[in-house]
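One chain, chain A, appears in both complexes that follow, with chain B as partner in the first and chain C in the second.
Right after this comes the complex of A and B.
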């Protein structure tokens, strides 16, 4: 074993030496091709990252596109099957059910999350005492790994008396002569269980980004508005929101991507019927050995995200305001 | 920078890459014998041990026991090879599949019964049929194993692994709860009716007679009624036969039924086996090696009986796992010898050994640490009796898909009153049969 570790260490050193050698060669080649010293140095220095991108990002992406056209089962070489996986997807009820759940989840949590994180950011932007502490507290949930959050909320949403949510809201339900929902045990309330779970992350990174956006709004805009007699709501509507649109745009794009790619929460919370699309993908790939089919699901998911992102980008000309931008 | 320097850099890079690339084929990941070293074991220098790697799902404590009770002994007694353990307790199957796909899979792997046929059918496992015939040890003799357990390591009549454990499900019970209710302990005269009646009699307030949540597997009751989930020749899934339905309906009469068992909500809140350990459930079906202790680590007075008799048999489910050999192992003959030694070691460590001659009270009692000897000593007769009726699934290559479908389209719906057993079985059967080989 000691020998094996020593050999591994030597191999690491040799790889590093090889990379340095290739960097030097790149530099020399560029210089010979007439590239100036500074850009040649720059290209040589980013070469390790670029190689990493090619090998660990681009290659797997292209490979997964190819695999989506095969019957790859992980343990054997893939066979080309053309568009069969995509045709099968069209007829796969579980795929559509998972897609519906995922899209419904995104459609609810993305705008809601945007609204709540904006609200939290506006509150944290007030000159209250101990604001640093409040900001830290609001950010704390974001540092928890998603699976911990999922397990925590699974307990919070237990349908019995030890489930904090039901325990706290039971009197309200009984007022209407009803009983609390069974959350993750009832197919009809699974989505809402996940939506509630998503609030946990609202006050994390999104709020911090929004807060940074709020800080960048020039104060003189508010002062000028006050001179003109603008009230709180008026200032929020006509200054804060427009000035914050680049940030909202950024958070919206990230929210759409994260919403559709949701995985950990679904994996760690057992639900009675269909789960999220990413969980279905994982199940097909790793549990059922249908990696080709799973790759096809991944590409469908990619296309959905791409289309939605492009739609948001196209719409941004109508609602995102950049300072210094001249609208024609 | 001179031309000379450029050439030197090129030479250094080329050499480094060449050496690095060659490293993999000579002695990749823990060396020799390993699967990623096609020439490793065969070209091992004289006098040097071949190293085989085994990946298991063993957690910290189990891995320590495996090392100390099995591997250290083998490695100390062997001059030809040594076995190195790599534990992967989390995401086990994802990890081993990825490693196999990447050509870095271990030489030996633990596979639960549901997986052997799938891996074998996809060419990932070494066919051991002929290799085992050349080894004299009893552990290498397929006929020495319980047939209904050994079948889980076969695929198309070829041997792809050696089972190292076969845990029959037994009926554990808490004698204190029986005594308090003045009810006689379970014994081998019990049938389904007596069992269900007693479970109800022991249910009161926050205490339940029995507990089920999908475990024990419904298959067991379908088998006991004379039904089958996948036929022996793997050609049908007759879950809608009258016998299979009788078993399913009996199970349905128990699961989540508050007159005898905790509801789903209560189980989620208080935990399945935790309720039994806490003295809130009187009878619990568990594997033969299960141990029961308080939160403080004190062994409980828990006894065992054979499962109640069904309409046709007392068949009990055997949780089974095998050690298999990577198809790309460099030295198959030596690997087979190492597998036999490894399996023999595990047979004296884990209970119940799937080897018929080792399924006895002495071996079972000796397998447990001192702390558990009293508890298991009281259970050993029931465990041995249960081994005579134990069986595993009839496993197909697409077992995981079959299990998932069987759960979603039959069991889950049945347990949640979304149809009768007959209707659900009739609807699920064609879908299940579409997955058969």
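Right after this comes the complex of A and C.
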């Protein structure tokens, strides 16, 4: 074991030294080429990221686009097949089912999470006592890693009377002449299990972000409105919401990106039928070694995220309010 | 934001003491009710986790549910510890987290400083490129990234989980540090430059001490992120079990050993053991934690 550490440590130090070396060489080279001191230093400083970008982002993106057009099982060289993987995807029932689950999950959790954490943040901002304590309590679930959250909620949502949720809510269900849902064991309720789980995990973090956004709204605005006789609702509509839009925008974008890419939770919950898209991708790539097919799925996901975030960015000019002169 | 002028401050005091103030305290009852409901929702699963970790298999599914197990099965922690080579996994996790954290912090500080303080051609374009790379789904780079490490023969080593951090793989941290470097007054820096310090010396002796709170926030987030790095371990670590990190060990336990008949008491005990460092860190550095996640939203 010590040997594993030593080997990695040596390579780590070597790579670090190499990066510093390249930075110094770049600086010297630029200076010699007649570049002034400031731009040369700046470019040398961002070099670790720039190298990383070339090696770990740019090259892999291009490579994965190419791989998505091939049949590749790691052992033999990739075999170019054109759009065959994408055609196969179009007919792959399991792919569509995973995609549907993933999209439904995001479509529910992102807006609902946004609204409820906004509500909680607004309430916390009403001058309640012990804001710090409330904030800590709310944030607590967010410090658990997503996979522990998944394991915990699998336990909470066990079917029949085994799970805490069902044993607590059984009277309510029987009131309607129903039996409690079987959550992760029933294909029809899997989605709701994941929704509750995600909600518990990110609710507090979003609340904390929004509370910070609320605290940033200049008090004078409210006071001016009060002088003008504005009520609670109109203050909320005309001051709170517009002033908070940059924060809402941030939480929305992050929520979409994270929601569609959900993975860890899917691997810690055994579900009867389809799982999330990324889990399907992982199985195709690393269990069956269909690396080309998995790359095609990755590109579908990339396009979906790109389209959605671009749409939100485009729409943002219409609804996100920036105080023009404040920044930079 | 401009500092409030003195008349505005006086006006505010008048408003605060206005007679319609007390009316609002009664209106707060529903607020407290709603907030308490949220707090119960947040806390109950935690308590259930601890309670389950301390139960014997026979007590797990009692109805009505038992909150304080009787007897308390403290032995679960020992059993969980020996069910897997936990000691090795803890060491691995510590090793991976330390290296990745140091690499992330050092490279993010360099790059953030470069973007914050130096004019060069394409700077803004490159910065935008960095920000937009955050939108790149990890699965797109997953397979070629895996193939690169495979080329070097470094699959099933800790390298993919640590060495990559040296390349500022967390653009978010770079972004945060840049924002705060930009907030530091240039005069302080200039004094050091006049004294003959180079960029690295200015960064180390002047800038970093000034942005220490953010640095701490980034460190805390980075610790959490790397300690909980499940995806990386899943892709790159294969065998034997003593090479796993904690998240992968937990996954192995739930998917293999405890799959057919889940041993919930052990899984919860293991989960607790694994989250304890982060929970302790959270209570020690709560401000940094909460500031860390707020920063993006406010500064963004």
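In the analysis below, the second predicted complex is superposed on the first by the 304 of 328 C-alpha atoms of A that agree within 3 Å, B and C clash if a C-alpha of one lies under 4 Å from a C-alpha of the other, contacts with A are read in each partner's own complex, and residues count from 1 in each chain.
As a convention for this text, a residue touches a chain if its C-beta (ideal position, glycine included) is under 8 Å from a C-beta of that chain, and two chains touch if they have at least 3 such contacts.
Note that this is a predicted model, so its numbers are computed, not measured.
Of the two partners chain B and chain C, it is C that touches the larger number of chain A residues.
Of the two partner chains, chain B is the only one that A:3 touches; chain C does not reach it. Touch criterion met: A:123 reaches chain C, while chain B stays clear of it. When both complexes are overlaid on chain A, the residue A:162 reaches chain B and chain C alike. By the touch criterion defined above, A:312 lies against neither chain B nor chain C after alignment on the C-alpha atoms of chain A. Once the two complexes are laid over each other on the shared chain, residue contacts for A:239 go to neither chain B nor chain C.
Once the two complexes are laid over each other on the shared chain, residue contacts for A:21 go to chain B alone; chain C is not touched.
Shared-chain residue A:214: touches no atom of chain B or chain C.
In the superposed model, A:43 lies in contact with chain C only, and not with chain B. In the superposition on chain A, A:75 makes contact with chain B only, while chain C stays out of contact range.
The interface of chain A with chain B overlaps its interface with chain C at residues 1, 4, 7, 11, 15, 74, 158, 161-162, 286. Those residues of chain A whose C-beta lies close enough to touch chain B in the complex are 1, 3-4, 7, 11, 14-15, 17-18, 20-22, 24-25, 27-28, 31, 73-76, 158-163, 182, 185, 272-273, 283, 286-289.
For chain A in complex with chain C, the residues that touch the partner chain are 1, 4-5, 7-9, 11-12, 15-16, 19, 23, 38-46, 48-53, 55-57, 59-61, 63-64, 67, 74, 119-120, 123-124, 126-128, 134-148, 151-153, 155-156, 158, 161-162, 164, 167-168, 200, 203-205, 208-213, 216, 218-220, 223, 226, 246-247, 250-251, 254, 257, 260-261, 263-264, 267-268, 270, 278, 281-282, 285-286, 291, 294-295, 297-299, 301-302, 305-306, 309, 326, 328. Remark: chain B residues 1, 5-6, 9-10, 12-14, 16-17, 19-20, 23, 27, 29-31, 84, 93-94, 97-98, 100-101, 118-119, 122-124, 264-266, 268-269, 398, 400-401, 404, 408, 412, 416 touch chain A in the complex. Those residues of chain C whose C-beta lies close enough to touch chain A in the complex are 1, 4, 8, 11-12, 15, 24, 28, 31-32, 34-35, 38-39, 41-46, 48-49, 52, 60-61, 63-65, 88, 91, 95, 99, 103, 106-107, 110-111, 113-115, 117-121, 123, 126, 129-130, 133-145, 147-148, 150, 154, 157-159, 162-164, 166-169, 171, 174, 182, 199, 224, 227-228, 230-231, 234-235, 242-243, 247, 250-251, 254-255, 259, 264, 267-268, 271, 274-275, 278-279, 282, 286, 289-290, 293-294, 296-298, 300.
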